[in-house]
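Chain lettering (A, B, C and D) follows the sequence in which the chains are written, and residue indices restart at 1 in each chain.
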Amino acid sequence: MARIGVFVCHCGENIGRTVDCHAVAEALGQVPGVAHAVDYKYMCSDPGQQLIKAAIAEKQLTGVVVAACSPHMHEKTFRRAASSAGLNPFTCEMANVREHCSWIHEDRASATAKAIDLSRMMVEKVKRNVPLSTIRIPVTRRALVIGGGIAGIQAALDIADGGAEVVLVEKAPSIGGHMSQLSETFPTLDCSQCILTPRMVEVYQHPRIRLMSWSEVESVEGYIGNFKVTIRKKARGVDEDKCNGCGACTRACPNKRIPSEFDCGLGKRPAIYVPFPQAVPNLPVVDRARCTLLIARSKGKKDACMKCVEACQRGAIDFEQKDRFVTEEVGAIVVATGYQLYEIGRDQGGRKDLHGYGEYGYGTIPDVIDGMQFERLASASGPTAGRILRPSDGREPRTIVFLQCVGSRDPAKGIEYCSKICCMYVAKHAMLYRHKENGGRAVVFYMDIRAAGKGYDEFTRRAIEEEGAEYVRGRVSRMYRDGDVIKVVGFDTLGGEPFGVDADMVVLATAMRPQPGIESLAQKLSVSYDRHGFINEAHPKLRPVETNTAGVFVAGACQAPRDIPDSVSMASATASKVLGLFSNEMLEREPTVARVDAAICAGCFHCERVCPYGAVTHMEVKDRQGNVLKVVADVNPGVCQGCGTCVATCPSKSVELQGFTDEQVWAQIQAFLG
Amino acid sequence: MSAHEDAHHPVPRTLADKVRAATGLNPARCYQCGKCSAGCPMAAETTLRPHDVMRLVNQDRPDRLMDDESIWLCLGCETCAARCPNECEPARVTDAVREIVAAARPDAAPRAIRAFHAAFLDQIRKHGRLGEMGLIMGYKLRSGHLFADAAAAPGMMSRGKLAFVADKVEDVEDVRRIFAGCAAHGEEG
Amino acid sequence: MEGTATATGFEPRITAFVCNWCTYTGADLAGTSRLQMAANTRIVRLPCTGRIDPAFVIKAFERGADGVIVSGCHPADCHYTAGNYHARRRFAVLRELLSFMGVDERRVTFSWVSASEGAKWRDVVNGAVERVRECGPFESYRALAGGV
Amino acid sequence: MKVAYFPGCSMHGTSREYGESLHAVAEPLGVELDEVRDWNCCGASSAHASSRMLAVALPARSLALAEAQGHEQLLAPCAACYNRLAGARHEIAEDAELAGHVKRILARPFENRVAVLNAVEVLRDLGETIKAKATSPLKGLKVACYYGCLLVRPAAVTRFDDPEDPSSMEAVVKACGAEPVAWRMRLECCGGGFSLSRKPSVVRLGRAILEDARKAGADAIAVACPMCHSNLDFRQKAMARDGEDKPPMPIVFITQVVGLALGIAPEKLGMQRHFVSTKRVTSRGNGEATAPAAEVG
């Protein structure tokens, strides 16, 4: 006869306010098989857990049901408490009477009745739980870091310094991410390249980091501790071993009129190029779409130009190079793919739920640029060697207008969140401009200044008080070209008057969005993401750097808008989680896996076809003389992830999912409906 | 409970509740960014611009909206609604406020504008369509601008632009029933 | 506990079979966001919609449920990569079977709710409760199944 | 193409030439205008200034009449009528409770099936036909296309073009062989219903529109709304700053531009009914030598 202990938690007010916990405990006390039923203010507190341990010992409980919050919150806590009192942890379950009951209902009677039902359903399930023991699987002590921006770099370095191997995959020709495009960085006005380049070189020289730039993740199989990742090494057109990065080919290339992605189209680059001087690895890439030779070849014509091949002393140029695929075994994956800026043009990367700013000219008005383009203008290694010049006519702007919240905090355009960093970098831009062009006028249209970091508010105040930036509170309604001036139509809500500015240049502080293609990457990793494409963390407060998929971690702006200091600290946090994972010899995994009853299995192998992990193998059943009686299905517990698809598919019901058996489901249905 | 009211506002008490009940819009969405007022063509001639109107609705200050003629100078050009990041539709909120204010104080609107709307609606109630002569006469009588545009009459006439006889709607009773129906709905609406 | 016909009329009893990774977590989010919804549903947690056997739905009706909700991850988002594809195919067939068996279509709700769609879960629950309330108590099937 | 035709009150009065030019171009472009029998005034700005229900019920009656006449589409050339009719259709479709009240007040069968079109939309879609039939293209004529407000806003109602960057009228003008100019005031309101009750506002707003059109080098402003036309044409004299004698800016309806390109005689298009002479435009059309002759008057 089962002896189950039921513990109903008040969770302070959270449950107690709408659910009569004492009544629930009393009702559960009457249920056959329940040997102990109490309610307590805070079950997850130490005294709360003591109640469980004491009751297990005193009443030799065979199972425990804690009616409290969601199992996602404290299932581990209560299972640990149960097992420390000698009870098998997998006979301890939770009834979710908070998120699924007290918090979403107001009427006390129906909430209490629901709480009783949910608790009784769990009691019936626990009656049919069997003691299970965790599955131990080996861990590959190597980590895959996707994305070579500052977050990816930091995570890779910390993990490698912690003794594990790292494979760092970067989509672009060089690591460095958006940080490498910045001029100075707030709040210290450090030169971005000066603090970033050493880290990039450190990655390149680190014995335990294998850097794969100009590469992308093609597919991911396996599970925590045992991932198999296929990486596509895109054809560079340059043999990595032969090339010593002398750059002769880039100088020899005659076609130098191609807009440089690194310079956001403001600068030009040749068809064979290294994105920026401090690139790591310092290897050029052939732009196959724009190289005149390859274009001629694709049209079957004679080879038009071989300038780069002739210039290269080491014969490193190799147009025959094809994409290559490499498979890596890793135990953990860190997603650090960073962000992209919201488009100021009409097209939003094909996304139907985002709209451009027609009222700001859809990006067609010359000298209306975004924050990253301003960074390239201000950067010493930029197309204008650090001089702020108008892209249209190269003149120095006398008046620059900066617009905060372009895309951000604008549900009408499809983005309702605040991108967090723009208040800071706009203050920085105003400061840089005032430093370089003392007579120039910097006008910033803002709604609220959100500068909450260490030394942040002081930074924006300095821009206003000492650097003479003019802050006008009000969003701009529209702007239009009038001659070679940009008329900005705004309103000063503090002064209560329309506020118009004739600007020579307008910088739009556009919203931060995750990188394009994040959805397909998340699906390859079977990780969930939100409406905008940001990766969903396991728990916003308690597990911010993990995802719900064990073994996959997240760092930097791919999870939410984030500045450099936060990205770096988050990357180090992620690295500590990965190193924590690698620190134990074997990994313990939940034993909720499928098991085949060989006696009744007819060997139809439907289960094998539906299993996404290939966990089903064929097993011969022999008699004592060794003759094969029949071949049945068998599940490898190490590979099975416990999805249960096979169980629902098996025609003869001869495979069961431990912890979620059919019998347990019937029991829950009956407990509710009678 | 009508579709516009939600569980928390059973009976519209504040001005914001009344606006929400009338339009289904939630004035609290406005975060006072001023983008509507920046684009408002009448901002130069009014003291209470669209974002001020939204503020006074959220602060439940019908008195200030009544004592100022600004809400009557709204052209209904929908620029504010087109630009609003939170889709508060200040234009429709202003319409609702005008309806509420006029119910409380019929003479709140400036005389000329009241005269124009009254003359306009009177024309439709009588003929179902607008006779421009009838509108101008009705407007002049009510607004006291007896000789406004008088000089223009001959020019209009010579260009065949003055339709003396306003062509009528045959079933003008049907139009009058609509006016009555809306008025009745107005009371209990 | 029978379907209680409280003062505000018939209160249907609805069993919800949901997957642990998406809809269950989405329901948690609805909880943390305090989104109010009807109290007529009881959630049965399963690792994946792939694990939900059509027999569960029929069993629930047999034991006296007035309505059933089945919900899991959006296609392509499944934590186990393919579980919800199998579920989608199975429930397309089950829907046919149920209407063939005379179960009013409005009693069964299939939906995809992700971990970040708390509001959508509330709408799924409230929508299902409203539709089942219109159908009234599900007597006919229970009589067939031996009037338990 | 057969459509229900909703003339609106000004089509027989202050903007007769809009009606005349519309009918003149409809036939060659294969558009059959079947006037809605016993249509009533759409209420324009006055209805919605007094009650939302009236502002929806008045246009709804005309929509119901068009529906009864078996039409799927209704053309309302006047921008204000188009906005009220399309707005009523949108609100009735979106707000079930409002729809219930309106149907009760109308007391006639009404299922809100009729789509509402404006003249610019129809002409844009007939662009190829116009180009083909443009016997006397208006070469060299620079036209400032003026949308005003109710033609393009609110976006949810007027879905035929981008509310912040429309291009339909420019397309029609190009099809007529003329050249649309880039200018900035094309979406700013002209003062609309204040024409009688608050002239100073109309003068202020209209003056800015005329100055911008001149600055952009336009020979004429094309409009698709009787209110914009009367404000910019009839009141143009009042808009000249004292002591300034800028050349007058002809205000023409888009249907007149198309009519001229199709070689229809100016009188048939009502070109003589404008307060500001449209000679600069008419001399360019109906086959005359298109050399930019010196303009007179």
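Following the convention adopted for this analysis, a contact is a pair of C-beta atoms (placed from the backbone, for glycine too) under 8 Å apart; a residue touches a chain by one contact, two chains touch by 3 or more.
Since the structure is predicted, the reported quantities are computational estimates derived from the model, not experimental observations.
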Shortest contact path, chain C to chain D, counted in steps: 2
Shared interface partners, meaning chains that touch chain A and chain D: B
Chain pair showing more contacts of the two, B-D and A-B: B-D
Most central chain, judged by mean C-alpha position against the global CA mean: A
Length of the line joining the C-alpha centres of chain B and chain D, rounded to whole Å: 22
Gap in Å, rounded to a whole number, between the CA centres of chain C and chain B: 48
Distance from chain C to chain A - Cα centre to Cα centre, in angstrom: 31
Multi-chain contact residues (two or more partners), chain C: 36
Chain B: positions in contact with at least two other chains: 44, 79, 82
Contacts with 2+ other chains: residues of chain A: 359, 478
Chain contact topology (line, ring, star, complete or other): other
Set of all touching chain pairs, with the criterion as stated earlier: A-B, A-C, A-D, B-D
Contact footprint of chain B on chain D as seen in their complex: 9-10, 12-16, 38-41, 43-54, 57-58, 61, 95-97, 101, 104-108, 148-150, 153-155, 163-164, 187-189, 191-194, 196-199, 201, 204-205, 234, 272-275
Of all residues in chain A, those that touch chain C in their complex: 70-72, 96, 98-101, 103-107, 110-111, 113-114, 117-118, 121, 522-523, 526, 528-531, 536, 548-549, 592, 610, 612-613, 641-645, 647-649, 657, 660, 662, 665-666, 668-670, 672-674
Residues on chain D engaged by chain A in the complex (per definition of touch): 162-165, 184
Residue ranges of chain A touching chain B (in the complex, touch as defined): 359, 405, 409-413, 447, 473-478, 489-493, 498-499
Residues of chain B touching chain A in the complex: 31-39, 43-44, 49, 51, 79, 82-87
